[in-house]
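Two complexes follow with chain A in common, the first pairing it with chain B and the second with chain C.
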Partner chain A sequence: MGKRFVGDLTQFADKMAKYGYSGLRYMGQRVDDVNGPGIVTGTADWTFNVNLPGMLVGKLKRSPYAHAKIVSIDTSKAEKIPGVVFVGTAKHPMFAGKLIFGDEPVLCDKEVWSNNDPVAIVAAETLEAADDAIDAIDVKYEELPVETDPEAAASPSPSVVQKSPPPNKEGRPNCFYHIPLRYGDFDKEMADSDVTVELASVQPPDPHGTPCTMNAVAVWNGDGSISVWDDVQNIHPVPWPVIAGMVGLPQEKVHFHGPEVCAGGFGGKNAGLAGVYAAMLAIITQRPVRVLYDRTEGLLHVSRPCWKWKVKIGAKKDGTLTALEATTYIGGPYGRFLGGLLERARNGLTGTYRWKAVKYDGYASYTNAQNTLSYRGYSSPETCYTVEMAMDELAKKLGMDPLELRLKNFLNEGERNAMNEIFRSMGSPGVAKKIREFMDAWGPKPSAPDPWVVGRGFASGNKYTQGGMVTNTAHLKFKANGVVEIITDSMDIGTGLNTIWRQFVAEALNIPIENTVKIAVNTDYSPHTSNSFSSMATFHGGYALINAATNAKKILFENAAKILNVKPEELETKDGKIMVKGKPETAIPWSQAFPSIPGQPGPASEMTVSGGIYSPDDYLGPGKMDPATSQCLGPYFRSVLFHSHQAAAYEVMVNKETGELRVTKFAGGCDLIPVNPTNVEGQIEGGMLIMGLGTAISEARYEDKGMYLGKSYLEWKIPTVMDVPKTDYVDTAIVPVWGEAHGDNPRIDAPFGAKGTAEGVQAPSAPAIANAVADAIGVRLTNIPFTPDVILKALGKA
Partner chain B sequence: MKAVAAYKYYDAETVEEACAVLNQYAGKAKVLAGGTDLVDWMKRRFMPTPEVLVNIKKIPGLSGITEEGGALKIGATTTLTDIVENSTIQSKYKSLADAAAKGPPPPIRNMGTVAGNLCQYVRCWYYRWPDWYCYRKGGPICFAPGGRNVPHAIMEQKVCNAVVPSDLAVPLAAMNATLTVQGTGGTREVAVKDLYVVLGTVLKPDEIITSVTVPEAPTKQAFLKSRVRAGVDFALVSAAAATTSKGTTVALGGVAPIMVAGTPDAINAAIDKATPLSENRYKVSVAKAMVRRVTA
Partner chain C sequence: MSEEKKEVKGVSRRTFISGTVAGLVVGAAAAYGATQLAVPKPPPAPAKEPIKGKYISLTVNGKPTTLWVDARWTLANTLRNQLGLRGTTKGCDYGECGCCNVIVDGRAVPSCMVLAIDADGKTVETIEGLAKGGKLSPLQEAMVKHRAFQCGFCAPGFIMTAKALLDKKPRPTEDEIREALSGNICRCTGYHRIVESILIATGQKPPLERISSGAIP
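Moving on, here comes the complex of A and B:
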């Protein structure tokens, strides 16, 4: 077992006290995952475990081509297959519309823009019949020119103009989004630099690879409503309104059930489109329907886009950073989520270091690459990647230690960054130093047997968490037997949310955690608490829950004070009882202090109390952002809720004859107060060590004319347990930093100071591996993944 | 991957019975042993689903590892786990145990068989997905040379650039192993190095492999395999060498649609004449280095 560092949390005792701190009874504790037994025995409430009598199977016929004209679709043979109940195309009014942002057809009619675009849909009695029908649908295509390169697609004179009329942003026919950032006197600062480094990189599309593929069940109810179970990671902002809108029902007529656990989301389950198709088929067939994406669809339906970056950074001789120039190109067949990525890339560029000037341009264009969706970090890993490699090259040029260069330039707490935001909760220096300490403790680099060579690399990273897209409300239901029910809307997608929310409530109310229950998510009664994206649920959900607990205690103490003949502030609570401070003999159960129903004697049998924040927009403070410069205008205005910071170090071995690359040691950490250290360490191991490693060394994404060739887990090479270091060489560090939203109007504390970390952990891993590879072979590689052919080519052996 | 389409299923109790059913369906039947490749192949639906599967796993005597007069005999349905764990193979035929261990992960080793490993279909992505009507499927061309060919062949390409995916074939060819093949017309012997031909194997539709024989234990042997992932991955390049009373034989995997086996000099000469494609020139230097290492 490697090192497991968790910094001292008692230093924050005073700050935590106002949330009902009960002495770190559950906060910061290694509470077992509440879903653990259900997950390992397969009995957890996955969407896949929803089985209704008479349920049909829904499947989509998808395009093999990346760009083609649809000449004809013949469904006659498919309709005659025994067991087939329905075959539909865009000719059916239900499937004639557009999804989400209005540029993506429900089913393609005249043209497909991406390998995997859906062109027809089937509902059948069995999976076999559905697959037979999919094969029997005869679609005739006329292939059209394909462009998958986002930079070429952004050209003012591209080889393929994808859409009619073209969006033509900035005089670029395929470009539909351009985001600039202008800060400081860029030309002067770059010219005044003593040293500059330029790097370009390509990061190909990489799918989410969730263990549980997308699936949804829908049933048409007799009262004109539908019930939907969808494998999603949010409900209120996207899937629920999208489904209701697509089938033409008011939201109240769509009873939407979230899964208890969803076995990985990584951003790929934010749209929940399987639920749209299931709902449509359920209405048409009047039968329950499950739409199930197979493994191939799981890898093809969405991914992160291809990112191409060009970065130039400058510094003075003493290592003080001067200017950053960054240009990026991304693309996809449809606009969804791509514009937001370019906006958020600004946060990655300005969220770690102090720059005197920044010039950034991001372009999103239509290409025939794989369709995209949010992906773990939503631009943070892809943005930090090139900058962190450039930092190492800069250190080399300056003859400085890479850590020293970074320490000299980390933003300070309370300082304004290059977006003119006040920076809060800055833990980069502490995390970076701790990880470097672990790395140094590995001792000198071991000598590897020829032809293996060893290298070590380090990188920092940052991730923002957004403030918007939440309503931030939670209900707590207090029952007479002392049990507290947590009524919220967010899913545990592998983050441990179901456990840490119970920890928050048990800590704030000072009750045994066994007395807390998280109620199944259902839009019939669940408020909009948070979403399981943007690493926000710890902050938003936790805040709402603690606020509800605080409100509940106020009511209970006021009522108990009357019974006990004291003032409310003289009371305390423990294990579901209220007592005069220090006098346990005065204790009465909560139930005696529940409010009474008007006109009735005695307290009611239960009590429900809500909590939250008045308006989530207050996070951002008054002001606005200047779209021409991306500068935050106003004394406190900010573009994000909070930042988190990470660092990673890897030791790699590279075989100079075969090009094989193996990771032999790892240390990684992040800056936060952990609600559950085991949980955070799980994120560091799963997200930083492994998921980041996959993107950097093995998950090559081969396509030919935009048709993806790696469509199984043998061809898309997600790391196996054999690809990670032995646990003795896996060190993790949790460096506590009080979490707070930056800005001061008002400054908002995180619940018990805890902020989220699920996505950010991936930010430093690929650049740290790239830096380690450069150290090992003496050649700087920037296009991931570093597969054997790429490494041997760099060594002049291919 | 889709659901497996409908097929008939036949449990054979003897080899003769299996061959008779295979003969009856004349090329429209497939042999089912471990099923780890065949079921995946059928679920992708890129080739017509066989009319019948003939299960040979219940045939008595087809599985087992024995030594007979200095030779090693391995039954066709012996699992890869049996190979990895067998003490005779571990001590005298180590390169074969290494190849089995560096192949699939334990769950697949528990099901996959020796003959199945030799006869598995190529992994070429143009072949394995229905979107590409390639030469191997009966189409007009091989897409690899003009497309993506990082894992493809660098020598002996004729009309197909896919490579033999079997890990076991490499040390077996180096050890001069032979296969006993039985059909409706009787039995015959086939050298492992001669098993593969353009677009398939020399097996006739009614024939099955019943056993593998390694004639003598090598005095010196080695197996090396390079791959992207450290586990669950096919070879980019693999190499085996074995020294016996007949001399030293080197075999290469991952480089050609057939087995490349011969003396070290012959193999080095063949590598020098390699014809790599646009993206796989790296395999030439890997193969060279591996031959040097396995013969060192």
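Moving on, here comes the complex of A and C:
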């Protein structure tokens, strides 16, 4: 078995005791996943399994071209097919609107911008009838010029001006977003550098590729409301208001059910698009409707955008970093979440290392590439990829050990970074050293028979989750039988949130975990707690639940104090009872201390208490950011909720004759207090051995005039079990680190120290593999993925 | 000009299925047995009217069942929609992901690649047949304890594939496990814990240490 390191948490527990918590009864424990039995018996409540009597099949007709004028759409043949209930185009008022950020038609009418744009929609009694109808819709197009390169599209004089009227950000006709960062005397610091490294990389669009594609069921209710079951990662910020807005109903008339487990998200299920179409068809047909994207739609409809990076870094002879210059271009047919990516990329650049000067510009432009959506890491894998490769090249030029170079330049706890943010909970050095320890334990590099060569690579990573979009609230319902119901809108997307919530509540209330229940998510009663995107669910929801437990204890202690004739601060609670500290014989059950209803004798039968942290100031500090320079203004202000850090190392074997690449050993780790170490290890392994590995070695996108190959798992290859190292060569490390928050409200700056995990773990994988490949073949490859043809070309053999 | 393109690998599922219907009418044998596929046969005489469907009998999780199936239905869709066995999930409909793997006559096969009419007379095992009397099988138990899955959508296919392997070979090596699972795709876990769970369930690796209190080693 590989090594599983979890650092000592006793120091942290002592710290927690100072803030009034019991310690490690459930925190840091390997509690079994509450979804586990449902998953292994196939009975988990995935939206995919929602089945209603009389349910219709909804399907979209999609464009085969990346950019074309729609000449005509003839639906007459499709309408005559037996079993077809409805065929719609943008001519129908329901489909005439714009999606998400107002630049994306629900159904295209005049023009298509990407090769998967929807142009018509069908509802039918059976899948077969729906498929026949889609084929029978006759759409005539006139092809238009295509631009898929985000850098060319961002030029002041692009070959194709994409939209009318053009967005034109700062004299760039296609550009709709520009994020600059200016810090320090850049020209001077770069000029004073003894050594510089320049590097450019292209990272192609990469779909999320979840086996379960986007899917939703909607049903029209007789009272004018609709019920929607949608396989989503969040509910309150995007899918619920978007669906209600698109169908013209008040949100209260859209009863939105979240699944028990979202069947894989990675950012691709943030928008609730299947739910929009299902809801529209349900209202039109007044029947239940399922919209399930097929495999091809699942791979072509959403992806991360293509990233083009140019980076130049400088250093002194002794390895002290001086200046960083970075320019990046991304693009897509519609704005969607592209703007935010450039902001997060800026955070990623300024984190981890101490720079004297930074100059960064990020541009997002309209292109005819595949449509985009948020993708695991939301810029951190793409940003770290380029910087971490440059760091290795710099170490080579300086003749330094790559780890030593990094250790010399990591920011310290409490130091200000190049955005003038105070850096908290900095665990990069600890994680990096632990991963190096694992590498050393692998022994010397094995020799491989010719033509195989072996290489090893290391990289650091970071993920800085930004604030905003959340007024997090959670309810706890205390029942007379000692059970506590956890009422939130938090979606478990496989990260273990349903279990994590129970651990938080059981820890905060000091009760057996069996007495906690996480209630199914439904907008009829669920508050806006946290979103399972940007690795922020545990952070936001954890705070809200701890706060709710604190508020509940205050009420219970005040009421119990009157019964027990003591002061509230003399009381403690354990296992659903309240007692005088150290005197278990005084214990009374919680239910006796529930508040009474005015005018009624005795306590009420149950008690509901809310918690949350409403003000972003509470964790971001008061202040703002200068948009021209991206500098944080304010004594404690920072733009991110938490700083999380990772590191990874890989050993690879490369065949110099065939270009084949095999990953033979792996070690990865991150810095945080684990709520559940098993969950964290699962994220490290999954993020680094599937998505990180896949982007680096196999998930190639071949494109011709905006039309993508990769419509199936056979054409777009994600790693299989044959591509990952054997179980004895998978090492993971969880390095406990916590920061202390600023100002008048000193505390651990994450709930029970739990920073987000799921995205950052992908960040160091691709650069570590790139560094390993460079070590093996002696040639630096910068464009991923490293498929055999790319490797052979680099070796001059293709 | 018609702009319609057959986008998926040149032939759509329905084109493929409609092309095979005629052959099925004259009682051609099951299409998924590799040995049967290898046997050359004279082309069947074209039927005048392609059949719409027929009654099939099959044994599902030990229970004999007879039902009418449309000629175009796959075994996966029939299990899910006609027999209400929704534990069999589907990720691709083209035999690429392994989510819908079930055991047919002792072999793990993607049920989206088997036409229901071809399953006539076969014995089918699905994920619903594993837990007996509400008790998880040792394999399922190990996968829960070891957190083999995250979102779990691929789990039924992985578990049925692993069961088919263990039925034949109770203590497979890691290499044999990897080979057996090589047609199953998971996007969450890195495969690592799935393989380890099988090694644990077969007594070849120690279970993950539980942590009760205090410092975590």
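One rule holds for everything that comes next: the second predicted complex is superposed on the first by the 781 of 798 C-alpha atoms of A that agree within 3 Å, B and C clash if a C-alpha of one lies under 4 Å from a C-alpha of the other, contacts with A are read in each partner's own complex, and residues count from 1 in each chain.
We take it that a contact is a pair of C-beta atoms (placed from the backbone, for glycine too) under 8 Å apart; a residue touches a chain by one contact, two chains touch by 3 or more.
These numbers were taken from a predicted model, which means no experiment stands behind them.
In the superposition on chain A, A:M688 makes contact with chain C only, while chain B stays out of contact range. Of the two partner chains placed around the shared chain by superposition, chain B is the only one that A:D704 touches, whereas chain C remains out of contact. In the superposition on chain A, contact of A:E128 is made with both chain B and chain C.
Residue contacts after overlaying the shared chain place A:D789 against chain B, while chain C stays out of touching range.
Touch criterion not met for A:D361: it reaches neither chain B nor chain C. By the document's definition of touching, of the two partners only chain C reaches A:T210; chain B does not. Once chain A of one complex is fitted onto chain A of the other, the partner contacts of A:N655 are limited to chain B, with no touch recorded for chain C. When both complexes are overlaid on chain A, the residue A:V6 reaches chain C alone and has no touch with chain B.
Within the superposed three-chain model, A:P64 lies in touch with chain B and with chain C [touch as defined at top]. Taking chain B and chain C in turn and counting the residues of chain A each one touches, the greater count comes from C. Shared interface residues of chain A, touching chain B in one complex and chain C in the other, are 64, 127-128, 131-132, 135, 294-296, 711-712, 714, 719-722.
By the touch criterion stated above, chain B contacts chain A in their complex at residues 1-6, 45, 105, 123, 125-126, 129-132, 143, 147-148, 150, 226-234, 236-237, 279-282, 284-286, 289-290, 293.
Interface of chain A with chain B (complex): residues 64, 126-128, 130-132, 134-135, 294-296, 451, 655, 657-660, 662, 697-698, 700, 702-704, 707, 709-712, 714-715, 717, 719-723, 787-789, 792-793, 797-798.
Residues of chain C that touch chain A in their complex: 1-5, 7-9, 12, 14, 70, 72, 77, 86-89, 91-94, 96-97, 99, 126-128, 130-131, 136, 140, 143-156, 159, 174, 178-179, 181-196, 199, 205-206, 208-217.
Looking at the complex, you find that chain A touches chain C at residues 1-2, 4, 6-10, 24-25, 28-30, 32-33, 35-44, 46, 48-49, 51, 64-65, 127-128, 131-132, 135, 138-141, 208-213, 261-266, 294-296, 493-496, 677-679, 682, 685-691, 711-714, 718-722, 724, 726-727, 730.
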